[in-house]
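Dropping the structures in below, format is structure tokens.
There are two complexes below, and they share chain A, which is joined by chain B in the first and by chain C in the second.
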Partner chain A sequence: MDPLFLQHTSDGILTGAIIALGAIGVTLSMTILRFANFGHSELVTFGAYIALVFVSFSGIGAQPIDPFSIGWPFFAAIAAAGVGTALLALATDWLIFRRLRRSNAARLTFIFASFGAALILRNLIMLGFGASPEYYSRELTMAILIPPGIRVMPDQILVLGLTLVLVVALWAFLTFTRAGLAMRAVAESPTLSSVSGIDVNSVTRWTWILSGGLAAMAGVFFGLTVQLRPEMGFNLLLPLFAAAILGGAGSVFGAVVGGLIVGLAENLSVIWISPGYKMAIPFLLMLVLLYLRPHGLFGRGER
Partner chain B sequence: MSAPVLTISNLVAGYVPDVPIVRGASLNVIPGSILTVLGPNGAGKSTLVKAIAGLVPVTSGTVMLDGKDVTSTPAHAVAGLGIGYVPQTENVFTTLSVVDNLKVSGSPSASDTRMAIERMFVLFPDLAERRRHLGRELSGGQRQMLAFARALMRSPRVLMPDEPSAGLSPKMVGIVFEKLQELAATGVAVLMVEQNAKAALRASDRGLVLVEGKERLEGPARQLLDDPRLGELYLGKIDEAA
Partner chain C sequence: MTAYLIFFFTVVGIYAIAVIGLNLQWGFTGLFNAGVVGFLAIGGYTFAILTGPPRADFFGGFSMPFMVGIAGAIIASMFGALLLGLATLKLREDYLAITTFGIAITIQLAALNSDWLTGGNLGLHGIPRPLQDLFESNAAYGVFYLGLVAVTLGIVYWGVEAIVRSPWGRVLKAIREDEVAAQSLGKNVLRYRLEALMLGAGLMGLSGALYVGFIAYISPFDFMPIVTFQIWTMLILGGSGNNRGAILGALVVWAIWSGSGALVANMLPPVWQARGGALQSVLIGLLLVLTLLYRPRGLIGEETTISRHVTGTTGAGLTKKKETKA
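So, the complex of A and B:
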């Protein structure tokens, strides 16, 4: 097979995995919190920068682990980013969305509020870190050559592996734990959930924690394999929503598949069309699929 | 006759402020007995049980469970305190399996929940056979049984089904009412809302007719069955009956 095609496929899978992590949070908030959270992209950015702060404080003396560009403190930075971003997500809920829920605000109000929150968060990052790109590590690493000619960076393989672990862990959480089951119940019906003894407020908090944590992972992984920029999350916004909608709102599995499709399509498109149009690919995919399957690949539209 | 387990006094409740739907309703439910709430469409029957369940804001009046004031308690806490509400529609999780429907409705203790699930499978053998089926894959009758089982997971003192016979075949209606009598025989108090007045009263101990959010007629079920005022209240001849 054409090595160029294979290279773009491999890059597409990596992009897709990162998009998938973000899209899971989008799909969870769409079905459990019941609004399209446009602030989700900024959780991605915040996660990436929290890890940067952590790395720059602890980075000195941290030997990279061969063949990766990063050392052990980086794993602590990942954890810090996850926890910090989950707390940020909870804080935005507490400050903004909880109040809107209390006053029974319209769905559109939630969406606009999330736009506002996104704007504030993005500018805070801009203020704190400036507009120029940042990197976790300036270490040079050797690409691994996979015949017939695909180049993969060791960091990319690490990111793929960690993504796989996170997705499996999330699946197990939703399938086997009581909290996960309660999240699926609230996604279907908050009213029936509450009369079944489920505290919907606590499920709401869990949802923010999970989607914030996963957004942070997406941000850190993007920062590690590409770079950090204040608008990195914003640029991922469309792909994240395209992936979540492609997969079918509410389906975690769908979000993962949707993420991979969007990532692959974006990367493979450059073989045939100018990279300038790459950004439009998720849109195009979303339009075509919604025409064919209005509820997404794995969504069910009878609620 | 034993003391009531659920006492509603002068309850006023509604969906929006200043529009009371339940307007000063009072009733008692006794352990091991079935009280059926009848009444014309829009009388506020569903709103009454929803208000007891904590789903509709209460403006005044009280809901006492076992002598404890539970008025305006959040719905999830009401479920934990021992009131099992079965909504008329959307009363099972269609996207969860039968077992998960029960598991998610159980108490926080995993071992209690496991035991409760086993009890439900004894009580409803049909569900045991379909434990891996999704809620949406069940027939109407099975669905109603799952809705009961869901509400019974916390061993409630009071079960409140809203129109449990709606949409079921006549044979299934009989089975559902028999099940409720069987449950009442174990000591559960049943507060049921029904449209199917004759069949429901035959299965009940007492009946109550709610009109415009207030009880207008209350008494032993057998007596109500023969009471001409029952039909009149349904036809809206409220003033003459008053």
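So, the complex of A and C:
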């Protein structure tokens, strides 16, 4: 097979894994919170920058672990980013969305508000860090050569492994814990669940915590393998939504598959068309799917 | 100062036309268009390509008359809305938000990358301004263009007011309030929504064309996502569902935007200028969120409509439950 094709495929899987992490949060909020949260992208950005702050404080003296570009403190930074972003997600809910729920606002009002929140958050990052790109580490690492000629960075393999662990952990959480069961029940039917004594408020909190935490992971992984910029999340927004919709809103498995499809499509597209259009690919893919299969690949018919 | 005021009100007028277009979609029909700037761009580029001077080796530059450019801009935007609407209007309402958002990004990418059509990131220059030869000074022309925008805005306002008060407009509101009820009365919901989406998009295209005719230049950087946020904030703050609110919102938000911009330019040292722009955006975001939370009806909300056959106090009960919409 053409090595260029294989190289783009391997890059596509990595991008796809990161998109999948973000798309899970989008799909959770679409089904449990019942609105498309356009602020989700900024949770991605905040996660990445929280880890950056943590790394720049603790980075001194931290030797990178061969062959990776980062040292042990980085794992603490990942944890800090997850916790910090989950708290931020809860804060936006408490400040904005909780009030809208209380006043029984229409679903589209939530979307409006999420756009406003995104605008504020994104520009706060811009205010604090400026527009120039940042990196977790300036350490140079050697690419690993996989025959017949695919180059993969050690950091990319690490990210892929961590993503796999996270997705399995999430699946276990949703399948085996009470909170996970409650989340699935509310996604199915909020009215029936509240009648059956499920605490919908607690489910809402869990949803924000999970989607915030996963968004932060997506941000940190993107920052590690690409770079950090204030608009990194905003640029990921369309791929995230495309992945969530491709997979069928509400399906975690679908979001992961959707993420991989979007990542692959984005990266493989540059073989045939100008890379300038790369960002439009997820959207075009989504539009085609909406024509053909409005409920996504794995979704059920809910309108 | 007078020159600046003329410039200021011209921009407000151009924005106001787009805000009225959004009002038709969101305020009266409940369609969430997250890609307002995309339709402005379609209008602007169509206008520029139709009326601009010829460019060697490139498509476009047909040097057509101003009015042809305007008509082309409106038709092109409406056509874009038709394609988009057919794909998404049948789906859950947030899908329209996501796809319109996507279309705006895609259009900006296309504008940035299609050098043969749009001039790429350099944009298109030297687009003729209508009747410029008749005026000796730039100042006099500024007054003329302000008049042109004002008259257009007046026609748009009057036309949209007439439309929303017509039977067609009443169906729009009926669909917004209760889709199922409207459907059960035999109204083709999809068709009305599509028409409202297209009509609103046409006004956005008109606004984009007027903007390009005003600055005689177009580039992808005139159509950044922030424009969509500005136009929304104008509508939400002014009061969605009310065309006078739409115009008022355009005035207030543009005053806040350009006022804060001037403040940033004068107060902050040059190295902080870029971050000052971020401060302006934070302000717009805050304005949007705070309005949604504390004054969902906006400065002047929608007038409550009661049938003229209902008289006296019995009609009071019909006016409630309007406030829940943003």
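Convention: the second predicted complex is superposed on the first by the 301 of 303 C-alpha atoms of A that agree within 3 Å, B and C clash if a C-alpha of one lies under 4 Å from a C-alpha of the other, contacts with A are read in each partner's own complex, and residues count from 1 in each chain.
The working rule: a residue touches a chain if its C-beta (ideal position, glycine included) is under 8 Å from a C-beta of that chain, and two chains touch if they have at least 3 such contacts.
Nothing here was measured: the structure is a model prediction, and the numbers come from that model.
Student: One more residue to check, A:Leu290. First (chain B), second (chain C), both or neither?
Tutor: Second partner only, chain C.
Student: Taking the superposition on A as described, I'd like to know which of chain B and chain C A:Arg178 touches: first, second, both or neither.
Tutor: The answer is first: A:Arg178 touches chain B but not chain C.
Student: Check whether A:Val200 is in contact with chain B, with chain C, with both or with neither, and answer first, second, both or neither.
Tutor: So A:Val200 only meets chain B here.
Student: Check the residue A:Ile96 against both partner chains and state whether it touches chain B (first), chain C (second), both, or neither.
Tutor: After superposing on A, A:Ile96 lies in contact with chain C but is clear of chain B.
Student: Given the touch rule stated above, what does A:Phe241 touch, chain B (first), chain C (second), both, or neither?
Tutor: After superposing on A, A:Phe241 lies in contact with chain C but is clear of chain B.
Student: Using the touch criterion from the header, give the chain among chain B and chain C with more contacted residues in chain A.
Tutor: Here the partner covering more residues of chain A is C.
Student: Both chain B and chain C touch chain A; at which residues?
Tutor: Dual-contact residues (chain A): none.
Student: Of all residues in chain A, which touch chain C in the complex?
Tutor: On the chain A side, the touching residues are 30, 35-36, 38, 96, 99-100, 103-109, 111-113, 115-120, 122-124, 126-127, 130-131, 230, 234, 237-238, 241-242, 245, 274, 276-277, 279-280, 283-284, 286-287, 290-291, 294, 302-303.
Student: Touching chain A in the complex: which residues of chain B?
Tutor: Touching chain A: residues 53-55, 74-76, 78-80, 85, 87, 90-96, 100, 103-108, 110, 150-151, 153-154 of chain B.
Student: Considering the complex alone, what residue numbers of chain C touch chain A?
Tutor: The touching residues are 30, 32, 34, 87-88, 90-95, 97-99, 101-103, 105-106, 109-110, 112-113, 225-226, 229, 232, 236, 274-275, 278-279, 281-282, 284-286, 288-289, 292-293, 296, 324-326.
Student: In the complex formed with chain B, which residues of chain A make contact?
Tutor: Checking each residue of chain A against chain B gives 178, 181-182, 184-185, 187-189, 191-200, 300.
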